[in-house]
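Please go over the structures that come below.
The two complexes that follow have chain A in common; it is paired with chain B in the first and with chain C in the second.
So, the complex of A and B:
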């Protein structure tokens, strides 16, 4: 999930207490989880990489010859369309999250502690509830006889088809990932001293100018990491498009799910997974280093 | 900010929160409504769907015997693994410490659905049957970083000289940690444990791949019920999950900095 929060190197320099001679102790402490991650994170993805360079066989798990066909196949029209749709929905989701999330982040960054506590609870609590439950709520709201259409009928208007459209998918994705935009943005805006805003206003700037010339430029690190985060999570979304979208217009993760569990074409699913995970890691590491760099620059000042 | 623009901001924020909370409000309302169609606003008040929930074998099993059990086990084990890892990161200086720290964050950077698929393919190759144990292993990968995060924040806040003082008074290092630091770490470790539970309890992306027929977790069961257009029992089960998670988040917020956890 989010990567902007604490880390030992961000928060403070570690205080070494036990000295150099105590080396085996840190190794013993770090070893269990390190081993765990090697076996249950690195090995599984190495296995996926292994599958991705082998051919599919309907009778065996895979054929022993090496091939790059699975990756070449990703450039077929079908997969290009799949990627195009996935990236487009991810981009729209990110843009909507910026538009909705920026004012909220600003509000929270400048809120009094009591209001902030309530605001954070209402932001984080829905985030922690299972995706499937929030998506279910949207099915009830957007369905043929849902809240929106009943309201339209009551107003004497025609009902609209919302469920199983891209609009529904975007609504669901924005609803689920909005906090990932708000939290880093809010952290960025909090660091901008309110006295800067007052100074701008005393010098005759209206709020629009203050926003465009003071707040926005100074909140760019938070904006970048929020955007990268929301984009990279939404392009691997599965549950939301599976339940709110049209089964013919799928996103990348749905294709992977089907190839793994329905058509059992594991090599093909693997090449798709490798492509998606590589892209996601590039984006999230970019966000991580942007945050760290901003933090370092701030400490230097 | 002028009064007009700040009231505009306030109404915008209220609308965003309305959209954010709308699905949860609707689900809770549907679970108390009498209609078998998902009716909102409900035309009456009934506990019928909660009775249906407790009468339904698959729902009760997935809620208590899989999700709750795996969540609790994950929470305990992730707290042990994560606290040890955080101690290594905060209290020791060694070559590659920052790299190790990034490595420990890696599970948060990999999309969960892809990790689920990757673990499924590995289990398949090793011919391992899906069970609550395969699910537990997957959840430990994604939940432990939350404990590391809270334990790290807690440890940084404790002056290591306290332990040194205890040791100079004759305590061993282990005694010093358990008697001095651990009590001070209580709220951050408890927050980490609670978050590990929540992440496991509400996870669907890993569980879709790692749940077997005997170990269907609640979110996976809800997913298939929604696909088969079940009745508001779905909403009743969801309401119970919302209530549990809401309470736990409130507890974390009272004793720790909620923002550090997400």
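So, the complex of A and C:
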């Protein structure tokens, strides 16, 4: 009995010591940011949640009576259209980012170190310019007398209305969010050994089959994170749709802004914000679950 | 050779840059032959293999397989199976799907695919593991899957790129023997790339020894070991006593040479041997040197020298002796760990005998 007990305690000991020593250290490391989040995110968000379940009053902003009317109102046609438009633009932006970003991510993942350094710099540089300045750039390009229309006129073609349309919003969003698609995709593709591509070719796959059967399935984790990032930040985008879109075809963040600063309907704005956050969270957890399941199957890599 | 060759490589050259060039390389492989490309890293053996597989384009030369030009076909149209060094199994596919990968691309029917995969799994002794994922297999099992994945397509030529280098020693020897018997049974033409001389000797019908992008020698394992064409081959295959020497005279017994350290040796005459001072080498394999107690040696060999044992290395199966001869010449000797050998100890005086037929003269 004693031998068994000893060996059991010996086996258990290293882990126990590790746990006891490790816990306070990582708590201390995580504490500053946890505090930051608590004070500047969780508490304000609790406040928003508090607003969202109270009635609106034009004079006092808030009446001290609980209600779910603010959420029921989100099912009005106006709000359903607002959500529909927001999610549609988010989806289109995400798809365009995938189509433009995937080849780029593949190229960068397989590039030589020097090319990679230059490519990464070019990819990330636009993020160093403020969104407002970049959007004004797009106004110059897309406007009625902008570069695009001047070029069309010079070619003898009809000018097109681009600025203040959904197309302009998508162009602006894709421009800003493309790096968020390319970076996770690139990380994922980098981990796929080039010898797997060669193996596929050796077994008779042309490049299209190699892509569809090897590269794409193995890059799914990166694809999911990229899509999730781009989708969730585009459905909450404010500056780009506000400056490049028109106010009748607005996105959710513009509506929230209006209700907070123009109509002072804080409870309504809060319910809208909560709904947006809830939907994003559901999506995030689904994506995390999906990537973990994909990851579990190929532990080897 | 009247036999038509299966693979025919003529003047293959791959230029990476003016300084880094492989080739020209030419060789033929007969149907059913196990042919190895052996050499140190950077000698061009993997480049040659990748050229045959189509992953590298040739700068010059031609490759023919079964009489048909191969070098202009894209990699996926070449009927050549390659087993990769790191196996390159698809981590997202089960063992079954990995093996069925090529069959599905060839649009075979489901029952046929199931049949073929089952048969090849049996062949590599992995029956019942079809549902596993590569990550759940041991190194040896992954290796078998990689071989099965190529075999199932019944390619005209099977190629191996250092397939055993990621396995531990015991498994490597076991897989080596299995690979050989598998290839014999299937009668497939095989090209095997390795830097491990033991592997090449054990597996091959013929070996091409490569160095710095060109072929030093092509021959059967015995030819390469017994009659190396150059000092490089002699050094690379097996361990050797290799001394700079000059030719002194030709006698009825053989060619008399003198090493730099002043040791005079009689070598069996073998072809033309000529040259100025010290521009040849003599080779003595350590296991061909006989060691006796002084005065105990048999017969009248022309190469009989007193020596003292400088060190003894005990290796279990073998004993390695470091000897110093009278003139100061050092010599390595390998002995089987048998009764007679056990009595040798350092500092002991002995006598060595080398048969003239066991000494080879190599041009430098």
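Observations on the structure shown:
In this text, the second predicted complex is superposed on the first by the 249 of 301 C-alpha atoms of A that agree within 3 Å, B and C clash if a C-alpha of one lies under 4 Å from a C-alpha of the other, contacts with A are read in each partner's own complex, and residues count from 1 in each chain.
One rule holds for everything that comes next: a residue touches a chain if its C-beta (ideal position, glycine included) is under 8 Å from a C-beta of that chain, and two chains touch if they have at least 3 such contacts.
Treat the numbers as computed from the prediction; the structure is a model and nothing was measured.
Contact with chain C, but none with chain B, is seen for A:204 once the two complexes are overlaid on the shared chain. In the superposition on chain A, contact of A:196 is made with chain C only, not with chain B. By the touch criterion defined above, A:78 reaches neither chain B nor chain C.
In the superposition on chain A, contact of A:120 is made with chain B only, not with chain C.
When the two structures are aligned on the shared chain, A:179 is found in touch with chain B, with no touch to chain C. In the superposition on chain A, contact of A:289 is made with neither chain B nor chain C. Which of chain B and chain C touches more residues of chain A is settled by the count: it is B. Residue ranges of chain A in contact with chain B, taken from their complex: 1-3, 5-9, 11-12, 14-18, 20, 22-23, 25-27, 29-30, 32-34, 36-37, 40-41, 43-45, 47-48, 51, 61, 100-101, 103-104, 106-107, 117, 119-141, 143, 145-147, 175, 178-179, 183, 197, 207, 232-233, 236-239, 243, 253, 256-257, 260-261, 266, 269-270, 273, 276-277, 280-281, 284-285, 288. By the touch criterion given at the top, residues 193, 195-196, 198-206, 209, 213-214, 217-218, 294, 297-301 of chain A touch chain C in their complex. For chain C in complex with chain A, the residues that touch the partner chain are 53-55, 74-78, 80-82, 84, 86, 88-92, 101-102, 105-106, 133-135, 149-150, 153. Considering their complex, residues 1-2, 5, 9-10, 12-13, 16-17, 19-27, 30, 37-38, 40, 80-82, 84-94, 97-98, 100-111, 113-115, 117-122, 124-125, 137-138, 140-141, 144, 148-149, 152-153, 156, 160, 163-164, 173, 198-199, 201-205, 208-209, 218-219, 222-223, 226-227, 234-235, 238, 241-242, 245-246, 249-250, 253, 258-262 of chain B touch chain A.
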